[in-house]
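For reference, chains read A, B, C and D in written order, and residue numbers begin at 1 within each chain.
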Amino acid sequence: MKLPRGLSEQDLCRRLDRFELETPSWGYADTGTRFGKFFQDAAAATIEEKLADAAAVHGVTGCCPRVALHVLWDFAAGTDPSAVAARAGALGLRIGSINPNVFQDQCYKLGSLTNRDAAVRGRALDHIIESIGLAQRTGSDVLSLWFADGTNYPGQGHIRQRKRWLAEALARVHAALPPGMAMLVEYKPFEPAFYHTDIADWGMAAAFARAAGPRARVLVDTGHHLPGCNIEHIVAFLIDEGMLGGFHLNDRKYADDDLTVGAIDPYQFFRVFQEIVLAEREMGRDLPIAYMIDQSESIKPKTEAMLETVVAAQEQFTRAMLVDHAAAAEARARDDVVMAERALKDAFAADVRPFLADYRAARGLPRDPLDAFRQSGYLARAAADRAPRKRNTTASYA
Amino acid sequence: MKLPRGLSEQDLCRRLDRFELETPSWGYADTGTRFGKFFQDAAAATIEEKLADAAAVHGVTGCCPRVALHVLWDFAAGTDPSAVAARAGALGLRIGSINPNVFQDQCYKLGSLTNRDAAVRGRALDHIIESIGLAQRTGSDVLSLWFADGTNYPGQGHIRQRKRWLAEALARVHAALPPGMAMLVEYKPFEPAFYHTDIADWGMAAAFARAAGPRARVLVDTGHHLPGCNIEHIVAFLIDEGMLGGFHLNDRKYADDDLTVGAIDPYQFFRVFQEIVLAEREMGRDLPIAYMIDQSESIKPKTEAMLETVVAAQEQFTRAMLVDHAAAAEARARDDVVMAERALKDAFAADVRPFLADYRAARGLPRDPLDAFRQSGYLARAAADRAPRKRNTTASYA
Amino acid sequence: MKLPRGLSEQDLCRRLDRFELETPSWGYADTGTRFGKFFQDAAAATIEEKLADAAAVHGVTGCCPRVALHVLWDFAAGTDPSAVAARAGALGLRIGSINPNVFQDQCYKLGSLTNRDAAVRGRALDHIIESIGLAQRTGSDVLSLWFADGTNYPGQGHIRQRKRWLAEALARVHAALPPGMAMLVEYKPFEPAFYHTDIADWGMAAAFARAAGPRARVLVDTGHHLPGCNIEHIVAFLIDEGMLGGFHLNDRKYADDDLTVGAIDPYQFFRVFQEIVLAEREMGRDLPIAYMIDQSESIKPKTEAMLETVVAAQEQFTRAMLVDHAAAAEARARDDVVMAERALKDAFAADVRPFLADYRAARGLPRDPLDAFRQSGYLARAAADRAPRKRNTTASYA
Amino acid sequence: MKLPRGLSEQDLCRRLDRFELETPSWGYADTGTRFGKFFQDAAAATIEEKLADAAAVHGVTGCCPRVALHVLWDFAAGTDPSAVAARAGALGLRIGSINPNVFQDQCYKLGSLTNRDAAVRGRALDHIIESIGLAQRTGSDVLSLWFADGTNYPGQGHIRQRKRWLAEALARVHAALPPGMAMLVEYKPFEPAFYHTDIADWGMAAAFARAAGPRARVLVDTGHHLPGCNIEHIVAFLIDEGMLGGFHLNDRKYADDDLTVGAIDPYQFFRVFQEIVLAEREMGRDLPIAYMIDQSESIKPKTEAMLETVVAAQEQFTRAMLVDHAAAAEARARDDVVMAERALKDAFAADVRPFLADYRAARGLPRDPLDAFRQSGYLARAAADRAPRKRNTTASYA
């Protein structure tokens, strides 16, 4: 593993120490496609089980101390948020982003903050503002907003009117943020809306965020782009505009496939991280980016899939740190496209696994997190424990 | 509405009389996305309700006498298939295609006919062969096969081994077909599998169909293609190869959005039908194509959405019949691209609604099926009837 | 043809009178693909021929009084811009947008305003600023900017550095605009750059335009989007932000195919125009949008292809004016998705050709512009005239 | 670098010895986009220069002994094919595939073998059959067929008629093949045709090849697929059908970008090669696949770009050989998706550069071909030599 000039392995380790990945509570639960769910005995169903899984992931990786929570799925009526935070704390975890849910209830069939019915818009806004309170009580400092809002048919909605409703509501959400809390606005081109989605791309998300206020920034879900989109370009652009708030990490081949990171296009993650590393080196400081995982796939065991993504993200971030940016800059200065590109290719070709194993060992962590997790027997115990309690219902597509 | 040389309105009417659209039982039931279902009070839940809805659609359109059934959803254990057929008959309907379901049960998590476990493969094959028996008892003559089989990750499956398992099983299915029954093989590029789908495109479907036997042909779902794919080219190619078996009609903008026909790209449906009309005129006979609707969208009232698709398909088929193929051929013969294209554009620009209204009236049908359906009050009655009986469960994404 | 409540045919005619389409000089010249050019005897080679063709198009359509010019292709060294304007005036034309060219010279191989070489950046900026002067002398009030700038390989360029160079230069261009002149910033996802394009989407174009100054706005080329992109959503969004400057109209199926309007997806053009008509009705005034044609296709005779696009755009704009927005709004107010959509579908289904023929006749124009053009014999005369003078060179791909 | 059980480094080396990559003569010449060509001083213009470049590439890599020739570009009228072969032989090269050109001449504007004009079809067929003779005289055993044939507009062509013309002609081409010569049929979804391309996908190519005769097989250009297409699935399918003839290797992000291999998606090349290695291990023999490079990009120095692709292909093929297929099979046998995938991921994560450097050194080749090439000063000499002779013409887009 060749280091770029002027950097030591210590430098890499120190940056890795600060490269934390937030895991999502819903990533430990059974999910599926519209054709049904394939249930796993060991999948988590309660907030307690989700936190236990998150702690298990953090235990073998050491870099996942934060857990994202989903308001509707994790806080049953009457749940005390501070109790959830306390439980997390007891497991060595903190609460990360809080994710309101304004897409599941039947009233949101035709939109939440963009619904033509003021009552529904109000209900959605209330839920989001309550989520802020809930975030405060859990110690979270990030409100993460994804809207399924959109239309399935031309003419179904008044696009500009919906835009204004959404902008007004987001400004009110921003106004309700306590000091120190950020709000992230996510975009997605389609699904579950199939004609137009109110926040369809980064440009719309940035416009809404700017209009909302200074603590609103854009959330880039790596699976939420049209085919061919250059994601790292968007990331670099947002960094330069001071508008990059965070990521939802997952991989995809077709649409929002929500696969484990690096399963399909590892080089793309490397390139995304490379833009960040380059900017950080130029600025001399870490960028305040929330690295959050958001994957949903029902074939792999949920906890193992999470571990895979954590390790894959660490590997690509490490490779990104190996890029010799000075060499790339020198090549560019002489219009040497081949060598400018080679600075990236060489870093990507490096095998960083031995270095990362050493890095982990030096921190008292297992050299191979997945292997350690398998040997721990956690999954079998969880399956034995949880399977009997799991509901028997099967979801049918039609 | 300008008719092509040598054709009378009577000619058009006669062909329209033979242009039947099969509606799917599951198109009357609640469906959704992976993020949840939005339930409709009037959506059908039982086979009786589905048949009633299909009869209502046929009643106002006169061109939907056949209903496709889904084995798992429509035939509860102990259901007598001939009773279902009798009930359909009493409503003026016939049973169309029979659709086995080898994707919903938990055992199919890693494949059905391509599962590495011979027991699962056997179970899937048994179900399909039982479906043939069931088809016979309902008077159906089409076995329609869609497989969700595929993998989510590189390396998860052995692609060629799975191909051989699938080919062997399909040959056995074909061998079990009674005389007069066709089997259709559907393809789809992705979803619910996100890395590779065992029957991913028309070329694979045709290869499997050819290997299975002479009564196997390809089923083209208009929503099952990668972005930009020229569907009418595939249709023309399959016609020329004698391998086009039928359609699953629905529209889409992004992926398999399953919207109502013509909602996004009406000209594409026109072009698909144009290839068929052209071939039929040259051959002097109707092509044996099963026109089946397969849409799934939870915003519009199910029955109305079905009516819209029926009417849209009729309109585009009618426009396709207006193409002056002789004029197009003459233009091509003098390399006049502009006028060759204009033959199509002119037909598409025609307003065929008045003609179709007259056509319907002459057959004792309402001039505007949707309007008549609305005035019938059917939907409100169905809602009043069915809502109380509907289950209260809500599906949660995670 | 059913008119929406409260609108007369006169209203439509008056708006059509103000719906002008600018044709591009380069749309009359031979173009091709990277595999070569197919030459047309009648294609224009000189500015005089291009203006003559534009005048012929305007002569039979009456709605194309403006011609876009390309600085490098239309103004040979020593050309007097005011002479060009005078010649146009003598033909009944005005000069529309002026298009600098900073992509063809060999020095722009690695970028123009984003080149790492300050000398090249300076040369590109000088050319653009000179183009402003040239625009003034021709009476043009629109500077239209498209940049081929981008990279083919990861690492080839420093994305954020290039962004800043581009922003700085565009601010200087804006500062050089005379009063009354607008500048339009075009975006494109790829081609000729195949890894990243510096202005890749509307969001980037809007950011650059905003940073440049108040008279900079976004130019939407209908062929410059990734697969599936909802263009009318972008159009509506830009209208609401006050950032929509104009269009480059052309159709496409795959990439930037530059086909005649409506050849592939006529309904999409209808939907784009529908958003504009809706906004204009709400605002009670025309939006200041430059409707410019930019197509490039070497199979159809150039002038005829231009006529087709003009007529197709007129037809879709007329259909868009037929949308009963009040009915759509009422349907939306009762959550009636079917009828809200139907307001659009009904307008699109109308055959507007007879109305447009009457409209043209009332203005002394031929009822069918293409037919009249064919009967005029213009093309044959142009071919006879121009073929002998045309250069004999053939471009070879390799 | 961990070897799979049962394989030695010697085994890998022996297979690498047989992994030859054919380079294309046109890959050493100036090419461009439709917006123009950026000329390189060192780019080859004559067949002598192209062969010299190919020899230089072979000299430092040792695995590129074959050169593909393009009939129109490499054999000027009067050229003696055997003299070309002799010259190649003197440089240590052999002639690889012969590529007829039926897309550049003006007569092919509306198609070659699919042209409605029998005279044009005849001319195209004659050219291809002459190319066979030419292939024989150069010692080539592969006729490689790509057709630009297609249409830009719906209605422009009669799709099924064109299909039949093409099939008939290809059968005649096959009949003209001498013993031992194969013909490869390439497919491409679009460009330069923008509505329909007569051989649009692998399914069509396979149908044409099958109809032509037993020595016709499919040529997979890695850049000729719609977005999201799973190329390795097609490769595996074609292998199983005995229809995979060869590759045109190049990388892409959007359309047929023709970038150097691995520049955008290195993991995809690994997966493609993995399917081949797996099949070869199962069959116990090499598959008769022609690995040909076909890239076209005007930013990088042509010879260096070729070297990069050769090295990248070697690296990914080597990684593919590292996959522990037994471990993957065992994991699949216990439904362990995570470990089945990991067999691939682990092989891809390996750094094979040191092994390949040793491999080359053991064969008397430079450890780093690109570095050795740069140190040789070849490019500077070629530039000095060729620049003065290069034509001064610049291609203008319009």
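To be clear about the criterion, a residue touches a chain if its C-beta (ideal position, glycine included) is under 8 Å from a C-beta of that chain, and two chains touch if they have at least 3 such contacts.
Predicted, not measured: the structure shown is a model, and the values here were computed from it.
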Starting from the defined contact criterion, work out which chains touch chain C and chain D both, please.
A, B
So which one's got more C-beta contacts, B-C or A-B?
A-B
Which integer distance in Å separates the CA centroid of chain B from that of chain C?
39
What's the distance between the Cα centroids of chain A and chain B, rounded to whole Å?
38
Indicate the residues of chain B shared as contacts by at least two other chains.
110, 152-154, 156, 189-190, 195, 227-228, 230, 253-254, 263-264, 267, 299-300, 337, 341, 345
Complex contact set, residues of chain A against chain B:
26, 29-36, 38-39, 70, 73, 103-104, 106, 109-110, 148, 152-154, 156, 189-192, 194-195, 227, 252-255, 257, 259-260, 263-264, 296-300, 393-398
Please give the residue numbers of chain C that touch chain B in the complex, ascending.
227-228, 230, 253-254, 262-267, 299-301, 304-305, 308, 315, 337-338, 341, 345, 348-351, 353, 370
Taking the complex as given, what residues does chain D use to touch chain B?
110, 116-117, 152-160, 163-164, 189-190, 195-196, 200-204, 206-207, 226-230, 232-233, 236-237, 239-241, 267, 271, 274-275, 278-279, 323, 328-329, 332-333, 335, 337, 340-345
